[in-house]
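So, here's a batch of structures to check.
The same chain A turns up in both complexes below, where it pairs with chain B and then with chain C.
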Partner chain A sequence: MTELICPAGTPAALRTAVDAGADAVYCGFQDATNARNFPGLNFTADELARGVSYARSRGTKVLLTINTYPPAGKVDLWRSAADVGAHVGVDAFIVADMGLADYVARAHPDIRLHLSVQAAASSPEAIRYYCKHFGVKRVVLPRILTIPEIRQIRREIHCEIETFIFGNHGLMVEGRCSLTNYLTGQSTNMDGVCSPASDVEYVQDEDGSMCSRLGGFTLDCIGAGEKAGYPTICKGRYIGSHRPEGYYAFEEPVSLNLSHLLPELIEAGVDALKIEGRQRSKSYVRTVVSAFRSALDDIRHGQTPNIADLVALTEGQKETRGAFETKRWR
Partner chain B sequence: MKHLNPDKAAIPRLPRAETITLMSCALVQPLLRRVVRQIATRHPNLFERLGSYRTIDYLIDPIDFPFALHLRPDPLEPLLRAVSRDVTPDAGATIRGRFLTLLRLLDSSEDGDAAFFSRDLEVSGDTEAIVRLRNALDDLDGSIAEEVANMFGPPGRAILGRLRQMYLRRHSAEKLAQA
Partner chain C sequence: MTATLTLGPIPYHWPAQAKCDFYARIADEATVDEVYLGEVVCSKRAPFFEAHLPDVISRLEQAGKAVILSSLAEVTLKRERKATVELAELERPEVEINNVGGLYARAGRSHRIGPFMNAYNEATIGWMARQGASHICLPIELPAKAIAIAAKTARDLRLGVEVQVFGRASLAVSARCYHARAHGRSKDNCQFVCEEDPDGMPLQTLDHRPILRINGIQTLSESYIDLLAETGPLMKMGVSHLRLSPQAVDMVAVSHLYRHCMDGKISVTEAKRKLQALCAGVPLSNGFFHGEAGYRQIAMDAKR
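Moving on, here comes the complex of A and B:
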């Protein structure tokens, strides 16, 4: 049965996700060990223990996200995160770093190991390597594959497949993106901060326009009639000599929404469907999890899925099926 | 986009607008004091997520209200007071939007990022302070708006019920307009 994997940035969001019908909730600690290390977000060890208890009593799993890369020689924080997770009884670790995968496989062999999207494993050979050497049970695929490609990978690997179905449309080679480092000195992959809030500034103009800046550099100036996105370099709009009007050099502010592709994903052999958004509110979690729970239940009962309109929650108020539908999504 | 130009979105300034503002502020100060103290007492964990931002001054500006709100989430001396826009404090962070948008955020029925994407919510100043406040408030179970309404008994709940109907009607009207 295809699982619905849901985000939780706070204990209240975890309870909201469980109550809304999540099969599993993923979350992380309040430090650099996870890729949503945002201010005021995430869990203490005690909060995680209570969250596991709440989820387990309602038949929901908790997956601990430890998906950043430890700086050389500084692995203690990452290992400690795994040890605490094991102590409080999480159902799986989501990791990206090979060294951490090796540690977890040895120190906590009874706990499932999932390979984070941050590992960017997108070929059968890479996935099989992780499975063979670290006992990985599930791979979270990067958002760069078409459904036929996922179907082909399914035939060539023996572990479970998880894909994103809603939220951030991250298309950088995940786990390798260093754009934030250039402007802020902080690392998405090692500090867990993409566009750290402390370096973000919004400047409002009286005409209703707004400029977003990161580390003092302007990423975009949004007119009074335009929708906004996150202040990330990859969603910035830039002026070049060949494009003086400004253009999205990497990617437009847009969110992934695969609600209409759920039957195809399931048919292709996807075992788990993931909703992005640990940085989002309880309201987002409740709305999105409920919508996908309902859709999956419809499919399970042989009915046409009832897809709720989620565009109001999307970045830039726009949604895409991205590479899952075609590699020419732009 | 519905940009937050007060000329367009706020109620018109009346001839004696300043007097009305001052009177409104004076009337609501005791209520605001009670609200912030009770929330702080009931939810001490809220301050953990604020980290070092417990003494920063936030300006929360419902643009269609006669006054703005000044919040300092100091657990030792929490402050929430109504202020005239002509004499706002030197805020470290400002959050601005229509009253019903801000209420929906407090009522846990709207996502802050979505309100930002749609430009219904404007933020400026220290972004980390704003993110921390948002996450701290969002970690409270249920709805703060409901909790505040309950402090004032049946009248409070009745007012919240009316406000919820208003924003549901507005939401429906906006969806129809977009369709």
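Moving on, here comes the complex of A and C:
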């Protein structure tokens, strides 16, 4: 049965996701050990312990995200995150760094290891490497593959496959992006931050247009009344030699929404479907998780799922099926 | 304490003849000891230069340069998987692996770890060494404090350890080709439009501030990394190899500046002044090394 994997940025979001029908929730600690190291988000050890017990009593799994890359000299923080997770009884670790994977596989061999999307394992050979050496049980695939490619990978590997279906649409290969660090001095890989709010500013012009900046660099300017997504470098608008008018050089401010493709994903052999958004509100989590829960239940019962509500939730009301539907996206 | 100067793979899609001419000059004139060859960015580009590769390798080797073949950073398609496996199966020259799929195919035989491999820390470097790595190129964004610890680990394990000291920083890779996108095309019908931009396609912010360069599926920094002033500290930390990444400037002259500066034949101040003149119009930066925003240029005490 295909699992629904849901974001838990806070203890309240965890309970909400569990109540809304998540098969598993994923969460991280309040530090650089996970890729959503944002102020006001994530868990203390005590909160995680309570979260695990709440989830477990309702039959939901808890996956601990330790998916950033420890810089030399700071490895212990990542190891102790795993140790605490093991102590409170999480169901799996989601990791990317090889040194950490090696540690976790040896120190906590009874806890499942999932390969984070931050490891960017996009070929059967890469996935097999992690399975062979660290006993990885599930790989979270990068958001760059078409469904036929996912089906092909499924045939060539033995571990489970998890794919993102909804939320932020990462453009760059995860775990290989230093764009934020280039403008802000804070690293996505080492600090767990992407376009940190502390470095974002909005400047309003007299004509009512609004410019967003990161680290002092303008990322976009939009007219009065237009809706804008959160400013990130890969959704910014730039002037290119052939595009003097300014254009979204990497991607428009769109969100990923694969609700239309759920049957195909399941048929391709995907074991778990992941909703992005640990930075999202409790009510967002409730709405999205409930909608996908009933969609998956409908599919299981041979019915056509109703997913109209999900479209309205996507960033700036614009959605994409990204790489999944066609190679032309590339 | 000194270090080996290396020339990284050419990141851009230069015409095959331009690459041949470039390497002929490198062989004859550049003060680099090791040269990395091969297409690391886009598998579609590889066939253009493949036929010339054996000649270029022997030309460089005859000139006394060691040659290492670098593998693709992003591996998804069949042809990319095949290319990666074939490279991983080579007995010689040495290979530098940039994707985990290549590590799987290499199966423990000796290899170098490329800059795309995320060797951020001592535990990962130790793991890689146990799996046959002989040499590690550290990630471009690693700050000095972490470089020092990583370099010590690598040296203790008798590995070579390398840091890029010149050229645009690779900031991101993607499955999507942004060169094709800029021209309203997709990757499959790109018509190799990236060839028009031998130093990357510049992007400016809407208020006309240069920010990034597009190179096919890769996003590069606008600035050239320049760690001339940091070569001394890097060598003291035990970094054994310093990498120059080829850009559309006089790379022979760049190699001389770095070599002379490392050997104490010219002062850092003079070398930097000359480098700035060589790279006219392109900002230089060293922010990553100093734990600051990568585009920044942080003043170092120029005296040694």
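Here is the rule we go by: the second predicted complex is superposed on the first by the 321 of 330 C-alpha atoms of A that agree within 3 Å, B and C clash if a C-alpha of one lies under 4 Å from a C-alpha of the other, contacts with A are read in each partner's own complex, and residues count from 1 in each chain.
Operating definition for what follows: contacts are C-beta pairs under 8 Å (C-beta built on N, C-alpha and C of every residue); 3 or more make two chains touch, one makes a residue touch a chain.
All values reported here derive from a predicted model rather than from experimental measurement.
Colleague: Quick one: classify A:74 as touching chain B (first), chain C (second), both or neither.
Modeller: Second partner only.
Colleague: Contact-wise, after the overlay, does A:104 reach chain B, chain C, both or neither (first, second, both, neither)?
Modeller: Once the two structures are laid over each other on A, A:104 reaches no partner at all.
Colleague: When the two structures are laid over each other on chain A, which of chain B and chain C touches more residues of chain A?
Modeller: The partner with more contacted residues on chain A is C.
Colleague: Between chain B (first) and chain C (second), which does A:173 come into contact with in this model arrangement: first, second, both, or neither?
Modeller: second
Colleague: Just checking: does A:237 make contact with chain B only, chain C only, both, or neither of them? Give me first, second, both or neither.
Modeller: Touch partner of A:237: chain C, not chain B.
Colleague: With both complexes superposed on chain A, which partner does A:17 reach: first (chain B), second (chain C), both or neither?
Modeller: After superposition on chain A, A:17 lies in contact with neither partner.
Colleague: Need the overlap of the two footprints on chain A, from chain B and from chain C, as residue ranges.
Modeller: On chain A, no residue contacts both chain B in one structure and chain C in the other.
Colleague: Give the list of chain C residues in touch with chain A in this complex.
Modeller: 73-76, 80-81, 84-85, 99-105, 116, 118, 120-128, 131, 139-143, 145-150, 153, 169-178, 180-183, 186-188, 197, 201-209, 211-212, 214, 219, 221, 287-288, 291-296
Colleague: Any idea which chain A residues touch chain B in the complex?
Modeller: 9-13, 15, 38-41, 196-198, 200-204, 206-210, 222-230, 253, 279-284, 287, 312-317
Colleague: Considering the complex alone, what residue numbers of chain A touch chain C?
Modeller: Its residues touching chain C are 69-75, 96-100, 102-103, 119, 121-126, 128-130, 132-133, 142, 144-145, 149, 171-173, 175-179, 181-185, 187, 189-190, 211, 215, 217-221, 233-234, 236-243, 246-247, 249-251, 323, 327-330.
Colleague: Which stretch or stretches of chain B touch chain A in the complex?
Modeller: 1, 3-5, 49-51, 105, 108-114, 116-119, 122-124, 127-128, 130-136, 138-141
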